[in-house]
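I'd like to ask you about the structure that follows.
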Amino acid sequence: MVNSFRSILGSVFKNIYTVLIFTFLYLPIVVLIVYSFNASKYAVGWDGFTLEWYVKLFQDRAIMKAFYYTISVAVLSTLIATVVGTFAAIGIHNMKPLRKQLILNINNLPLLNPDIVTGVSMMVLFVFFKAQLGFITMLIAHVTFNIPYVILSVLPKLRQMPKDILEAAMDLGATPWYAFRKVIIPEISPGIVTGALIAFTMSIDDFVISFFTTGNGVSNLSIYVYSMARRGINPKINALSTLMFVSVLILLLVVNKRQGKESKKIL
Amino acid sequence: MLKKYSGHPYVLWSGIFIVLPLLLVIYYSFVKTSPATGELMFSLEGYRTFLQPLYLKVFAKSVLLALEATILCLIIGYPIAYIIANMKPKTQKIMALLLILPMWMNFLLRTYAWMTILQKNGFLNKMLSLLGLPTVNLLFTDGAVLLGMVYNFLPFMVLPIYTVLSKIDKGLIEAAGDLGADHKMVLRKIILPLSIPGVMSGITMVFMPAVSTFVIPALLGGGRSVLIGNVIEQQYLSVYNWNFGSAISVVLMIFILLSMGIMKRYDTDTEGEMNLW
Amino acid sequence: MSKRIIEGKNLVKSYDDTPVVKNIDFWVKEKEFLTLLGPSGCGKTTTLRMIAGFEQPTSGTIHFDGKDITAVPPYQRQINTVFQKYALFSHMNIFENIAFGLRINKTPEKEIQKRVERMLELVNLRGFASRSINSLSGGQQQRIAIARALVNEPKVLLLDEPLGALDLKLRKEMQVELKNMQREVGITFVYVTHDQEEALTMSDKIIVMNDGLIQQVGSPTDIYNEPDNAFVADFIGESNIFDGTMVKDLVVDFAGVRWNCVDEGFGEQTPIEVVVRPEDVMIVPPAEGIVTGLVESVIFKGVHYEMLVRNGDLEWLVHSTDLSHIGEMVGMRLDPEDIHIMKKVMDNA
């Protein structure tokens, strides 16, 4: 009797707690979205529903430029990092233990170091060699912190790959290059894809490292929001947030559906 | 063959763009331009400046605030991780996804959102006055910074703990029950100890970024809450005192690496693999 | 006489100064089913891999069809391998796996279709072409691995303990299937195993290896009935090995008794070792036995009873279809042909 009462109470508390936590997590997002439709400029009272901030968002050249730079840096750096990272992972996989450990430790530095140190150190490098800060330097920085994610995604797949399939391919007549293209890459492709996705996400979201390594008027969205936010509230940012949130949501749902189909296929 | 040289390009790249920059920062921390001759000379001034009470206070404050945020995340996060881990597998997946979803929102936008909520006429105060409660002035205080940290880093605490908890062999719990342990004992003697690796992971993933962040104090703390990250930014970009900025960076790096070294003793994962939830 | 399709001369393979194959000579005849047999670490797999091209001999040569292929990479040898763990390409379906080698050779599509279908028939997996590798059982995967190798019509097929991961019944079935396949397709098989029963069942010729050296080469019956040394006698089948003395040709002393045997050429009064197979020992009433002994243990093994009979200092292992009881005194007889004499090998251990 008492036990069942306790367990009901327990589950009530659990549910309340869970709801509270998730409310906490989603409150800012909901507020952002709601106020993006608010005619009031300062997110104070509710002045009526409007889409004007969305319109103004697309008319704002600075934001559009920042968006363009964000996407292009993310896409380019992901592509470069994926290629370099995949080859690097293969090389690392075949290294002798001592060298392997050394390279892996260095590889972990951008992940372990606070991003302000990574950002500042790269800026110091660029200025020391008198390179102009701008798109290229930001791109190099993004590639640098993206490669470790690719390597860390591909390496486990290489380890899981049965070592004899390379020999089997060669036994059947494949040259090492053919075996690489047709056997190794397909085997590790889930790792490559995951690594690329993570790299892309990290790149889109990055602020600190971009902040220190860019210049010459090249901004990404994060930097733009930072400078705007320091000046105060601006509903265009709300509109931007809503759009980004919705696209991420759609992306996650699509990815989830694909994963569901994949696992059904194997069964 | 391919295998041998595949890694070489990256070795070169990492040497130039990872190792060299850090070496340069260390270099600059020991080098200053002499005001008299305009030449570079060896100097410990950067480190000495760091040891002044003013800056030590800032560093201590950063560490303290980060610790508070970490502890809060742990207290709030562990129960939710536990709750989710005990849900049905299908529900678990949905919950985990819901937990991750906010993290996919741009981190600056999420911090900016709290600005709108915490401002004088913002959402929070609106709700409070609706309930007849006095309004609060949270924005641009240390409290706001703490809130921002907890908000941003909570999922990083919950996920590793949840992962470890969900992997605990149910057979162990059954065995304990079979041997006479009640619910509380199982929690204390089996679940808690086994979840330590996840807790350590979570602490690491919260404390490190919390100590070094400068966006959260810049946006939510205004000019009043200055943390070590802000000092570094100022020294490099406004004051242009690279010697001092580098010295702080080196200290921060060493601090973080030391903390990680202590944490690693509890970490059961090896070979630096990514545990991608 | 069929020609030698593979010849290995003075083959040595060392890893970091540790020799694994210590200088062996061997050959494989065309269309022969040859087995390399030995315990783990004896060098049989290394030898196979040297034939395949995955290991470079430290010294020595390998000839294939008269040509020296020692330096030729595996993808240029007309030899195919069936791997122990199958090594199937999991991202391709069955058809693509089997067709892999054919595609590299730029075989026309129609022919690929035909040959793959024929292979699937041969391994009894007709209709499986579009299935994925993950949907197969161990035995089926093994057959796909065989099909993938055979479809390229190599002159020699190498098999590295291919049946190791299968359960007993399936293994025995596959042994028969493989033997039939080899006869049907008519190519040379070089087979590696540590299972002596498997080797005896399938092979035309067996090379017994131990510790990097060849111990004996011969047909299954030769090796079973006339082991050259104690290792082979012990490794193949079960045996009793007794110390004895060769009195003169056709006469030997052991177990405290003089026996007539069929071996000669060992000299006079030479210390030798005698090998007696458990199933050759005839259990008779004590009065009719050449030696007598006390039955110490009896285990029912289905096919026969396995008994330990103590005769003085010696313990005889006996397989008999008749039951004797523990504590019983029995007599034992041997036919002269069932007494095998071996040279006494000096202990190198």
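A few comments on the model shown:
Going in written order, the chains are labelled A, B and C, and every chain counts its residues from 1.
Methods note: contacts are C-beta pairs under 8 Å (C-beta built on N, C-alpha and C of every residue); 3 or more make two chains touch, one makes a residue touch a chain.
Note that the structure is predicted; figures quoted are calculated from it, not measured.
Under the stated contact rule, the graph of chain-to-chain touches is a line, running from one end chain to the other without closing. Distances from each chain's CA mean to the overall CA mean are smallest for chain A. A separation of 57 Å divides the Cα centre of chain A from that of chain C. In whole angstrom, the spacing between the mean C-alpha positions of chain B and chain C is 62. Each chain gets one centre point, the mean of its Cα atoms, and the points for chain A and chain B are 17 Å apart. Residue ranges on chain C touching chain A, taken from their complex, read 52-54, 73-76, 79-81, 83-85, 87-92, 100-101, 104-105, 132, 134, 148-149, 152.
If you check the complex, the residues on chain A that touch chain B are 14, 17-18, 21-22, 24-29, 31-32, 35, 42-45, 84-85, 87-88, 90-92, 94-95, 103-110, 112-118, 120-125, 128, 140-141, 144, 147, 149, 151-153, 155-156, 176-177, 180, 194, 198, 201, 204-205, 207-208, 212, 221-222, 225-226, 229-230, 233, 237-238, 240-241, 244-245, 248-249, 252, 256. Of all the residues in chain B, the ones that touch chain A in their complex are 1-11, 13-15, 17-22, 24-25, 28, 76, 79-80, 83-84, 97-99, 101-102, 104-117, 119, 121-123, 151, 154-155, 208-209, 211-215, 218-219, 229, 232-233, 236-237, 242, 245-246, 249, 252-253, 256-257, 260, 271-274, 276. Within the complex, the chain A residues that touch chain C are 162, 164-165, 167-175, 178, 183, 186-187, 189, 266.
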